[in-house]
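One structure is given below, represented as structure tokens, and several questions about it will come after.
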């Protein structure tokens, strides 16, 4: 039974912030000073010579670091789960960094985009050096991982593909993948929701910002569609281009192709070397995921297999897309072991 | 208020059958003798010199002609609605032919396929001549139309594209179109349903046939996926090829392309001349259609517009996919007027 | 696999009608001449001296005898199932009578009411004698049973309680019972649906009759609420009295008590002798029944147990309220055996 | 647009705790030291002679004070909304106290029970005096109010009925009421959920505590049923007694009556004087509330009307049970005005 009031930790959770040069003058006017949480495992303060692997935690769409402290009855927060994992010695210790990549659209997909800002570069070129400078990390790709759920799982999949020099492991929980199932049906819903706005998602966006958020049934769908368009298919002027006709839903092929170019399943062949060099790959999802990300997980695994990468952990479990945070600690332990150099395989 | 017991008609409904040479030795062993219902309007027997336009009615998936007599409380059957339309002089009279194109998979999509049989040819080259021989029809394309709902609407869209020499008008109610929304999400559901069959749709099919039908939640989805594959993407040996990997849902591009080649929206450009020559085009769907066929309807209309075809009737209405049979009579009247030669436009 | 077109029967199905004196001048102006279907088992015509038990089949709300011929793909009709049961010798033969007790409200609950008419008496005092006179029945309670689903199951439960002199067996499939779960939640939905009619169910009824039926989401709920009120709680003038305030849903205790007086679970103690004398009691329901009639079935069984009645068949199965017609034949066989005098127990 | 990271307040939010003598040795072993949040409006520190009315905020089931800081994207927390209300001078200032009444079952319903503890007395006899002692309150019933949602709305309704000497105003948002609609249908769901525990809710409770919470679909239903039984119908030994048979759902009348005795709608007649003396009554709910608490709100208003109490605010709005926290500030302003003595009516 979880006592709801007193989250005493065995380790420490530091609230920090970073002044990002890369996010300065981002197109949405979002702050360039960003918060982050740094979890230091039990014992960190005891042995000043010891260095630790680092796992960067990425959030799902509409997440921002302060939501990590949201509490649900009868369930610990994720930072508390992390702490319990290390306090109970179920995992080698590591430093866990909770990343903020929020935008005014609710997310960045952890990519560089003229529609939102340079969040990929901020993560790789500012946040990682900051953490390495401020904490006793094992500052090499082989000791650095990424983990996340949903959009965060997407970030965890693509970032090591793009920067194998920085990251040596990933864990994706219900990460965005196989876009024909996770995104296409949303477009159909979006078209219907846009009828009251005469097909103008800008009109919806203005409305959404002017009233209480999420009081219209399809607000979440439209926010995601608009926000991901800002990440994947912004025009040169930064305005999001929709990958579908807002009246009929007909696919706009060239814009949709820009989305597909970011589908982790489709990205694998071009990044097989990067992926093949990773120390740790963990893939999971719930078999009832509302966005069919269990299929995305399976397809991502299959794509890795086709690329000859078979040293990975894959599992599905009876769950939807929500309430699966108790599934993260085993993945974190898996990463911690692999990134500590404690597990060495034939690779 | 509908009296449920005594459906007295002003016209006549004849139960006929036709011996099809084209369906003989169809791959599924389905009967080659097929029933049809022929509705003759009030007055047909009074003036032996009068000839009538004909509208062929196609059914949705799992429909067969005897289901036209299924009765729901408080609602007339469709043949009764047809009769009431003509009895009340809301439409010029026409002959209405209820077509049977059932297969053991639950439908034929009104196409020729090695997976099911030659249902398109049976309709065009056997049924139409039969009706013209047996009844006082106006035996020309300008006086012959097709109407249907769901798969029947699909049949009504594609048949005049392929045979403008035979058909001069169409009405589609929630007809299958824009396959990325009506079919793709079904594939994701099918993958999940196939888990208990280890991804083998043949195992499901054997199970489905051996037990009480439709007692498994996803029976309808799997039946449709299998049946439409038999129609659109059968192999040379007649076996249905799925357009997706049954474990991951990943699209099998070449098979999926065979489906897309049958998407009415995508077929329009290649058949613009045929469509442009039609006397009557009626398109409708419910705005809450569970397969997003309101988007399909809109996209089909847009494709026609892009092809320069603007003389058509389009409407959407507050409804789902079911219970919209009261929407058919206005379309039938529209066809009857246009195919009677009573409406002549600038075309 | 079911061939959809040719329902050839081994026995015979006769369409008959009966002129009811008791239904003459019924308050709704519904016809006093009523259809019925009489199924005669294989062999009926071969041995003119043989007599048969009779099972009367009652329908669910909005059912009327002609709906027994409605066909669904891949599934036989219920009369065809009955025929197959006897044709395959899985049951002793019996005569099966399909009863019509439709009213303008969609049903009668098989009770006498100033709101609808004398349907209980019509069944017991007109239909049974008619069948006994016209067919070679075993004309005694010990050889006469009732079976039905939903409202028909309700009728099958209550009729033998009231007339043990006439009926010796019953089978209830998802029969209406335990009204706090099957009816009360409907009242809450009805209140919401009535908001657009300012709480006036009469205004809804006028609207429902003037437009296409069942095009408003809650039509079914309101029809059932109104119709059952007409059966259970009509005023002296025949007008249905609602058991709840149409604005707040607050229960009107005395009217609700009139409904509860017709709850089979609550009726058992007062009719224990009648029930204890039955030859056959079959109770079943699906464990996912949308009206919680699995709980109703359990509570009815428990009430019988408390009354000392333990010789009964009870089962639940994985199903909802719909599509359970394949569950009827085993119950019919059970009744046929017991009512043939083939099974005799310690009672 | 809400900036997600920096909740700067115009007033102050103090985290306090109280050592409760009344909760010591509560039957569940829950802590007797309880947190509370005290919001002090802008200006509180500027004028040490000024006194303020107080509104106590009660939470819904499974709520505990730290959940008030849970953040959702694009929406402020409720304390931030409170602060914005006062900062913008849309309301006279008042002190707002966020009460903790959590138990191991997830809630206390703010009543005294041998099943949970003396939470009503703790609120009235310990928390109120504590606040009056520690802050510059207007320490009289006419200046003291209660507000809450769901179970918190229930607490806001019943507490002034029981202690009009302490409280002079209430605001209920979707408060538990009209138990035949908000609770009875849950019993039916609970029976089904208990099948896998052979009807033993104690077995479910042991299971729930031993595994990850809320991973079984009906966990929320069972928790609520068990917890409310602990509040309303505990036995002398403190064990919750269910108001229904766990196998059939049949109501256990005497236990259910104990629940009904706590139905605010049914409590009104016996507490009409207390309610008639209140300065402020605010009642609202969403018209799509999943527990039909819009009907409960309507029935509570109607009961007040029948008791002659007509000076109240009542409204419903298009919403479900969740996400209605933006509806609280207008009610708080209403209470603040009435409890400041700024509005005086004919009473």
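Each chain carries a letter (A, B, C and D) given by its place in the written order, and its residues are counted from 1.
Operating definition for what follows: contacts are C-beta pairs under 8 Å (C-beta built on N, C-alpha and C of every residue); 3 or more make two chains touch, one makes a residue touch a chain.
These figures come from a predicted structure and were not determined experimentally.
Within the contact network of the assembly, the step distance from chain A to chain D comes to 1. Distances between chain centres, each the mean of the C-alpha atoms, put A farthest from chain C.
Each chain gets one centre point, the mean of its Cα atoms, and the points for chain C and chain D are 45 Å apart. Per-chain Cα centroids separate chain B from chain C by 37 Å. Per-chain CA centroids place chain B at a distance of 57 Å from chain D. Those residues of chain B in touch with two or more other chains do not exist in this structure. Interface note: chains touch in the pairs A-B, A-D, B-C, C-D. Residue ranges on chain A touching chain D, taken from their complex, read 1-5, 31, 35, 62-67, 69-75, 100, 102, 104, 106, 208-209, 212-215, 319, 323, 326.
Interface residues of chain D, counted against chain C in their complex, comprise 178, 180-181, 184-185, 187-188, 191-192, 195, 245, 247-251, 265, 287, 292, 294-295, 298-299, 302.
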